[in-house]
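A, B, C and D label the chains in the order they appear, each numbered from 1.
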Amino acid sequence: MDLRAYDRIVEQQVAAGVDGLIIGGTTGEGQLMSWDEHIMLIAHTVNHFGRDLLVIGNTGSNATREAVRATEQGFAVGMHAALQINPYYGKTSRSGLLNHFRAVLDEGPGILYNVPGRTGQDIPDDVVLELASHANFLGVKECTGNQRIQAYAAHGISCWSGNDDEAHAARHVFGAQGVISVTSNIVPSLYVRLMRQQNDELADSLQELIAWLFCEPNPIPVNTALAMCGLIRPVFRLPYVPLSLQQRELGAKLLRAVAADLPGVSDIKVLADSDFKLVSRY
Amino acid sequence: MDLRAYDRIVEQQVAAGVDGLIIGGTTGEGQLMSWDEHIMLIAHTVNHFGRDLLVIGNTGSNATREAVRATEQGFAVGMHAALQINPYYGKTSRSGLLNHFRAVLDEGPGILYNVPGRTGQDIPDDVVLELASHANFLGVKECTGNQRIQAYAAHGISCWSGNDDEAHAARHVFGAQGVISVTSNIVPSLYVRLMRQQNDELADSLQELIAWLFCEPNPIPVNTALAMCGLIRPVFRLPYVPLSLQQRELGAKLLRAVAADLPGVSDIKVLADSDFKLVSRY
Amino acid sequence: MDLRAYDRIVEQQVAAGVDGLIIGGTTGEGQLMSWDEHIMLIAHTVNHFGRDLLVIGNTGSNATREAVRATEQGFAVGMHAALQINPYYGKTSRSGLLNHFRAVLDEGPGILYNVPGRTGQDIPDDVVLELASHANFLGVKECTGNQRIQAYAAHGISCWSGNDDEAHAARHVFGAQGVISVTSNIVPSLYVRLMRQQNDELADSLQELIAWLFCEPNPIPVNTALAMCGLIRPVFRLPYVPLSLQQRELGAKLLRAVAADLPGVSDIKVLADSDFKLVSRY
Amino acid sequence: MDLRAYDRIVEQQVAAGVDGLIIGGTTGEGQLMSWDEHIMLIAHTVNHFGRDLLVIGNTGSNATREAVRATEQGFAVGMHAALQINPYYGKTSRSGLLNHFRAVLDEGPGILYNVPGRTGQDIPDDVVLELASHANFLGVKECTGNQRIQAYAAHGISCWSGNDDEAHAARHVFGAQGVISVTSNIVPSLYVRLMRQQNDELADSLQELIAWLFCEPNPIPVNTALAMCGLIRPVFRLPYVPLSLQQRELGAKLLRAVAADLPGVSDIKVLADSDFKLVSRY
């Protein structure tokens, strides 16, 4: 793990005014880490940046015991809250969802995370509403759209949009608290502006970049972008691989258009295939 | 892990003429095991039953490095083939899918496993066709329906249905080799008959039982059934919880209707809520 | 892990003026922890007490790869230094010792730890002298006696005594910097006084208590003492078991004699055998 | 792990008439493996060679929970017996030793292993005698000398010598069952002869080779020898490093003297320093 590159990026997030970070989410490739790496990264972030922003560990799992243990360890090393996914891939019943979430919320403050496009299973509204009474329930990161955010907000439930393209509307029209964003890893100050004040022009201007950042499953594009910006080494852990050359060329153009808002970037390179290293073994 | 109960169930599978077993699939709660437990169970099965049936380890993972290592270890302990899932939850690009599957197939013979309802991502036909030329490609466990199985079969690709309710037709109409079945954990001899010879009456007669076995995400119903049959202890690892009492009563009725084909079962009990133990911590 | 009990004890160490803590040494049963627990505990200590005392992780191992990884993780979560044991049980050659220690010292500041009574192998003087030129070499925790400490001190090497009964002399006569002490877990302020200023009377008065704390392999007596003082729950992880009743009775008498210097202790109980719980399984 | 090299060596052991193998002992660098590697290697050996020789897993540990779990897994994958070390480095009391050994013997047949030069703690006679009544007690691998073996044998306790230089006498004079040998990894047929029949001339003739095999902590010389014989790749996991060039030259001479009894060896090379690769990281 390249902690120097990590720290530089986090410093830029802090400088841009970002409120918090998810550590080891899918964007951060938590599912490719061992738990000791994962907890180490949470602890490292707490130590270095815990006074500057909220450190939210993605300590959920589709195995409840793992999630409980990781969440317990995350709080032991000082994380401020946990992001709690429903049991992806394995899935479970309504009663299983309630039991799972109660077990992990008992460990400390948590945000539920609903992304059926990844998990294969939606967290139903009534499950969220039932869990909302738990003392450690903080709200929901919701990826199924702004109608649902609006409905949750009407119940007084805090929502964070999980869709970068809808986040501006989610915040200023539908009652979301904010966004848990992929794009803000690249242009944090622009996303801070988008969240702090309604700005339709800025929101519209970012749509093409956002579309590119989701042209393949995240975090493939964002990691390709960070590598082209020189912010990380061009190393991919499989199953992730860089975007194609054609996609990289489009990305470079879009990134150059926001160059002034890319902190710490002096040059944007369209890397060659041979510049990338793929890692498939320990 | 209750290896005595496990061995008794496997003995009955062997006696019923089942050709092979998936070790640590979602039905077998592989995602709730640590890798050492998982590999231990593969090795144990090879030692005790490897001369009686094919031992297929579910050594895939959404992290390529984990999948490669587990697959390597599975072959080292004697498994005959691997079941290889695409990277669920994390997902990846077409190129990422190819890279991932090639990395794991390089370790030994493998069956691809396509279940987008769990993984959040379909393995496209052209990816399967491209991988079919790999020396270690054995075929596909396909859960998206018999049309696709028919199309793959037309290309000479071996298919196993992943849908118990469609498996009889898959086998006798659409060209599947067989089924990788949940229901056969309960009534192995009936599924062996269904696969060996067309028998529409038998196939129809099982539909209600199959429907019940999928009334909640698998393996919730099958584990509830095994507990009610006295074949396993009534212990659930979260996020799995037993079926509701009402569902258990229906299940008992359906199980009693096939009592003659339930090997090793002398009594079917509608267990009470208090009979079950839920495990949420290490 | 009972972090509340842990935090209370560490708070008392801080209040007593202790300079630093070893996390997960043999006294702290590091060898009974998984690495994720171990690193979690280092991180937790850094977060809560890192501004009050030096946090020294016992991140060594007899497997170099494990030691390198744990040391790297320990520094990533903010520990100030590492304690580095030579490869116990496995042992190695002179050249192996040098290679091992260089690999771990390359990760950050470290104190070598020589305790042949545990490791089965002495770290020879010439190995220590050769490693002393490494930029990250901080010194030696030495358990073979004060003559050796004196010789190292003459070479300008910082030494900490690993023998509580000799530590006062080590500090005031033989040139040691201080002690890495077991007894100070019980009576921290007395050990702080012993180290800060020569006090033969105090040193003599503690010999009987020290002898008791080593009447069986450490940490058996100190953990028995902490349990009798009510500072920890009376739970032992095997292979550790409590002292015998006779030894507990003697210990209670000795502890009552220093009751005024036992922070946070209101009552010293001679616990019964049935008060203790032994843990031998996960 | 190079399983091909491993299998070739084991085949030669079988061909030479060796009765059993310790898997993952200190000679086999078990302490440098993760538990999943360790259990995998036991399972692999059972599958490939379990009908040809006894497979004895070194599933002990200085942490009782680890030892219990590893021993349970080892038996689950078919090992015939376990080698059980006392808690090295951590050490414990007499009562702790009894509790530890009973916990692991409860899992299945086990041989105690006494090697105070590695563990820092002798297993006292009375502990061995007390454990001898356990149903799963098989005997002792004893490294403290033949007097003790003689005394144990007088009590009807099976003993295996852990000292290659004394093993012939142990077997034919002092009542040992045999030897658990390092040297037999190199010259298995000679050790089989030494154990089957008294042969003082042969025993004497091997003393110089044995002395060389212990000129540095085992397994440094034996691994250097295997590499020089071309039986394994010249890769060392730290803290182990190859013998010095001078020692390698002496070894080559001694190995050539027994060339006729080195199975599978066509050439013995004095490798250069640059031929060896040292591994210190994952």
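The rule we apply is simple: a residue touches a chain if its C-beta (ideal position, glycine included) is under 8 Å from a C-beta of that chain, and two chains touch if they have at least 3 such contacts.
Everything numeric here is computed off the predicted structure, so don't read it as measured data.
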(message) Please report the smallest number of touch steps linking chain A to chain D.
(response) 2
(request) Return the chains common to the contact lists of chain B and chain D. (result) none
(request) Taking each chain's centre as the mean of its C-alpha atoms, give the chain farthest from chain B. (result) C
(request) Determine the centre-to-centre distance between chain A and chain C, using the mean Cα coordinates as centres, and give it in whole Å. (result) 41
(message) Suppose each chain is reduced to the average of its Cα coordinates; what separation in Å results between chain C and chain D?
(response) 32
(message) Measuring centre to centre with CA averages, how many angstrom lie between chain B and chain C?
(response) 50
(request) Any chance you could list the residues of chain C touching two or more other chains? (result) 282
(message) Per the contact definition, I'd like the list of chain A residues that touch chain C in the complex.
(response) 1, 3, 35-37, 39-41, 43-44, 46-48, 50, 73, 76-78
(message) Going by the contact rule set out above, which residues of chain A touch chain B in the complex?
(response) 26, 29, 31-32, 62-65, 68-69, 87-93, 95-97, 99-100, 103, 116-121, 216-217, 220, 237-241, 243-244, 278-282
